[in-house]
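After this come two complexes, each holding chain A, first together with chain B and then together with chain C.
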Partner chain A sequence: MTFLAFLARRLAGTIPVLIGISLAAFLLVHLAPGDPARLLMGDRASEEAVAALRDQMGLNNDLATQYLNYMGHLLRADLGQSLRFQRPVLTLIGQFLPATLFLIGYVMVISVPLTVILAVTAARNRDRWPDQFIRLGAIIGMTFPVFWLALMMSRYFGVELGWLPVSGFGEGFTGHLRHLFLPAISISAWLVPLLLRSLRATLIHEMEADYVVAGRSKGLPEGLNFRRHVLMNSLIPTLNLLGVMLAYLIGGAVVVEVVYAVPGIGTLMINAVLGRDFQVIQGVTVVYALLTVLITLCVDLLSALIDPRIKP
Partner chain B sequence: MRRNTVAMITAVTAMLTVAPAWAENLIRIGSPYQTTTLDPIRSSAAGNIETFGQLYSRLLRRDADGKMQPGLAEEWTISDDGLELVFTLRDAKFSNGTPIIADDVAFSLTRAIKDEKSAYSATLAAIDSVTAVDSHTVRVTLKHKFAPILENLEVFNAGIVSKADVQARGEQAFVDKPVTSGPYEVREWRPNDRLILEPNPHYWREGYPKNDGAEFIEISNANTRVSMMMSGELEAMREVPWSQLAEMQSRDNVTVALEPSTMIYMTLLNERRPPFDNVKVRQAAAYALNVPAIAKAMTEGHAQPANTTLPSALNYHDKDFPGLPYDPALAQTLLKEGGYDGKELTVLIAPTTDSDKLATLLQAQWSAIGLKTKIEKVDRSVWWERVPAGDYDLAPSWWYNETSDPDLAVRWALCGSCGTYSFQTYYENAEVDQLTEQAVRELDPAKRAALYAQIQRISTDEVAQIPLYYPPYANAYARDLRGLTLSPSLQWSLEEAVLSR
Partner chain C sequence: MTTSDVTTQATKARVSTALAAFLSRNGSFEVLAGLLILTALLVLAFAAAHVVPADPSAIDFEALMAPPSVAHPFGTDHLGRDVFSRTVFALRIDLWMGVAGVAAPLVIGTALGLVAGYFGGWADAILSRIVDVTVAFPFFVLVIAIVGIMGPGLTNYFIALALVGWVSYARLVRAQTAVLRDKDYVQAARVLGYSTPVILFRHVMPATLPVVLVYATTDIVMIVLAGASLGFLGLGVQPPTPEWGAMIAEGQPYVVNAWWICLFPGLAAIVMGFGFVLLSDGLSRMIRQ
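== the complex of A and B ==
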């Protein structure tokens, strides 16, 4: 019961956040310079034709009218129509979101086990060669710019060796796995070091905590002591970091999406911004916000599962 | 246990690296230009023009050599005074199987001319009326003599759409799967990603298209296009970066083609305010530039330096005109005479390929004669707001022409009274304006050539814009693809392309 109440409270709490974000998105896109009608019609289009299209798009109405119109639709869970493509924004998002979600899931499946294995190895061999080796690797992974690494991997594994496709989302589950392999690796190469350093530091800190010494002096086997106490107590900060990083990746994966031509939500957002497709920008922003809220919620729930002291 | 692990790793590796067999051979074309509408009158932007050409046939068709050939019109007659054209239509059908009749032609052309949201009605502005005489005869009457009428009836926005369908569905007719008259119809359109075309079963040219269809894939990143092309994920790509041309050419499966374009790179000057309202300062800015060196540096020597304000691929381009030579000493004198006060000027650029490089090269040469500039980079949308508003001093950019006839180009870039303010520079010369009208009414090619030569001479000397270079289109094609070319006016010969695998 308390759990359901917690869930209801958290979800209710997101409503003002969403309203605030939708207002901010609306004002940002409408106050920034740029005319979607001109971009749609092309350089040579006459001023009169561009003005007529602006009128049809409803861009000549005052801002308040446009905002009320937009909010009215939003409350009915309708994100409106794309100005450029005259299709529902929801349809467009539905078309681009799966690739991004799949990519992020893929990154998780690669990164989380790898992080835990590497961090534990490093922490348990602190300052010996495996630790030095892993730390050096982590620094290298973090230093490479993601887009450069992505490009180099696509040129080498895709073009020179011909092992993997260098673009797109592919057909079917195995197609997705194939096409998103290099993108997922490119992101993981940057994400794993970040998580790894956090987890390693916490592990080392916890390994010296009084309760561990107490366990050890009671004769608890070292492995059990580590798994059940040190590891569990160290996961929370890294889990929170992972949550923040995932929320960031939903938008931040765009760098990798562009290099590997993955039709993901980041690509949709970039094109919408460049083409001043106001409705799509607003819609994607709201979706970003929703996903961020959901991820944070999941992280909090997981934390409570791992550590009973954290009340949901 | 260990054996299982090995087997699993092998299976996963095999799954990841073995490409599935293709069921059909679509020709995949990667381009940075987007399809944003399927309505042929709604846009004049690059990606859309390419798409329109595949979906909608016109009365005439341009063949591989650039010659005008019969299209939906089998034959035509032009009255002695040149004011009336009568077209006889062939028996052709739309993609939904209904016949294409004179009424559809009259509807489509009238729509392109009169619809208030027709993006580029200028091409057909000389037409007074289009009427259906009977089901197979169309009469086009002109307001005045108009030399490029046949050429302009071949421009993308003169594509024929189905009157019945557009009247029934309105704007919705072009949202998803339009009824088409060209070689292809839309199988699927995923905006921001790709447009998948399949052959129009009722296409009037028998035996065409010679392939299973095509995918226009939008890939903004040039490096990604190159990777895809080299790894065989594309059969054709637009805009090979100049720096990667040689590398691509050296690959076994790819060939690079430099195809003539009607593009011109140039610099706009804001002639509405000082200092460029003064012709001497404009000339100073032009004499300061070593145009051949810029052309070479920008395109690794693949572009021709520009000698006039018009693209070299246009008819009547005056290739003998020497242009304004590189003369820094003269530039300094002119700058002083023009009364330039040393103010720092704004060079406004949009983030296209190499725009930073071009702006930096220009800045260095201008600064050598004492013309101070600062570079401001804004996105395309903002660029298009600031240039018409006159909020810039110099704006290096490019344009191209939809036909090989120079009339539209002159009206776009050099004519002050034609509604475009000479590409928003506000260059205005009454003589050029008058010559523009005179030249388009002149039906004798030799006399027209002389008139356009005069226009080019005046506008280049007065520096309407500073012409820089004429780049070819740098396209790459898979070696097992035959017959695909891109015309100077951005039309793919897709229906003729054959994929041999």
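== the complex of A and C ==
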């Protein structure tokens, strides 16, 4: 099968997931205690106004009809209306999404090379002191509360030393780079250990494979053998792990955005939660899920392109 | 080679051996170190009232934001409350949060994974679809959304965990059960006429438990960190109850002048996480051997 056919099959595979996401997001709002219309209007609204809104929102219909309505809106890229901002949720997300995407990209650019360097160093020095230090560091790194690290770093590097700005998104590309440096480092400090542990284990596993012995016995230099064979064979598992980790990274970014006042969709979501702006919570959650599905799709396609063994 | 060179090399070798022993390959030392840390924390949590120098909620306007000293080892916060006492008392809530929070996901996930893995077919197909959809949402985002809509607090956090967290356990158990199902001893049990529940819970489940428990040990760290994040965002345990995340949030406005209010609760979370990760790492090595 060609790559295009693989692409088509993989795309078709996401359709049930997308339907599931819409269903979960729909049910999410029904978790709210009490009447959604009353919650939206607040305690002071009159009984008639609430009834009118309930009618307008279609809450008097049965659940299936309500869901089909919601689905119809979603298909037309209508995520509803923000109660607080009095603007379409999609417009709001469009406003806040760039900062989040920039931050995610930034974290990737920092953590992927760092992970590879540290993992390779650890694996090639297995059980000697560089490996021990890196592993111990990775264990400690995993236990850091991300928001705490972010707060402490902004306190020290931003306020105490005055090296970097501690809030906002900045102007222009270099401004973004400067403003998001500490947030990106905070997230990487927690992401790298997770990736690192897995890549190290994969590398060590591959280093004991038969093909490595074969390479060695036909006189291949150790370094070349490692780069050309061990590293290449470890790429796919790491790529897959990266896909999974990105979902965690996106979640961790929410708190860090709040600490550094980055105008991203994480900040938007927390403000919506505190302001009980349900449509925004629901909309942002859907966008986060779509982002994750897209990333997973890209990782799968990339794996298929890199590795000829993954039969499309 | 001078004497100092020899000494440095000897020191280096000694440090290296100590580290090697610490992160030993069979994992027994890690398990021991992890258990030691966790036992110490558990004792501290139970004996909190006898250990701390002050009442964790006692307000002292004479000592607002006092830096760490002999009287207040971790300093005092903006209301003059002793940060050390609050950090120790928070240990109770955060430990409880991790251990209680992992229970529902573990039980639900294991049960569903067993059923899906053992029977396959429809049960498996449905479970796989639900799993696919759940993992499409970033874990923490979905937790925030659920808690945000249901309202802040520890109970709703536990509900959110039960709704979202079982997925990893279901996947782990499903994969193992699908293999165990065809093992000779399980088929023998079937031939002997044992009932399906007996086979599932007496013979298949115990074999899946080690991996599940190791995963749960790391999961506890994630649950505590996510719960502390919720506390920090104002969506978890509510102040004035001492909880690490909520304490850090309370200290945030004063972090420039009184860093100790935020620093120590975070360090406490790291110590606890370190204990659990060591334990989990060591256990998983023991299993693999």
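As a convention for this text, the second predicted complex is superposed on the first by the 271 of 312 C-alpha atoms of A that agree within 3 Å, B and C clash if a C-alpha of one lies under 4 Å from a C-alpha of the other, contacts with A are read in each partner's own complex, and residues count from 1 in each chain.
Just so it is clear, a residue touches a chain if its C-beta (ideal position, glycine included) is under 8 Å from a C-beta of that chain, and two chains touch if they have at least 3 such contacts.
Only a predicted model underlies this, so the values are computations on that prediction, with no experimental measurement involved.
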Touching partner for A:20 - first (chain B), second (chain C), both, neither: second
Chain B versus chain C as contact partner of A:155, first or second or both or neither: both
First (chain B), second (chain C), both or neither touched by A:209: neither
Which of chain B and chain C A:135 touches, first, second, both or neither: second
Contacts of A:274 with chain B and chain C, given as first, second, both or neither: both
Contacts of A:255 with chain B and chain C, given as first, second, both or neither: second
Chain B versus chain C as contact partner of A:68, first or second or both or neither: neither
Touching partner for A:181 - first (chain B), second (chain C), both, neither: first
First, second, both or neither for A:52, with chain B first and chain C second: first
Contact residues common to both interfaces of chain A (with chain B and with chain C): 33, 151, 155, 159, 258, 270, 272, 274
Touch list for chain A against partner chain B, complex: 33-36, 38-49, 52-53, 56, 82, 84-87, 92, 95-96, 151, 154-155, 158-159, 162-168, 171, 174-175, 177-178, 181, 258-261, 263, 267-268, 270-272, 274-276
Of chain C, residues touching chain A in the complex: 12, 15-16, 19-20, 22-23, 25, 129-130, 132-142, 144-151, 221, 225, 228-229, 232-235, 244-245, 248, 252, 255-256, 259, 262-263, 265-266, 269-270, 272-274, 276-278, 281
Footprint of chain C on chain A - complex, ascending: 16-17, 20-21, 23-24, 28-29, 31-33, 127-129, 132-133, 135-136, 139-140, 142-149, 151-152, 155, 159, 247-248, 250-252, 254-255, 258, 269-270, 272-274, 278, 281-282, 284-285, 288-289, 292-293, 296
Chain B residues within the chain A interface of the complex: 15-17, 19-20, 34, 36-37, 42-46, 48, 116-122, 171-172, 175, 190-194, 217, 219-221, 223-224, 227-228, 230-233, 379-382, 384-386, 388, 399, 402, 412, 419-420
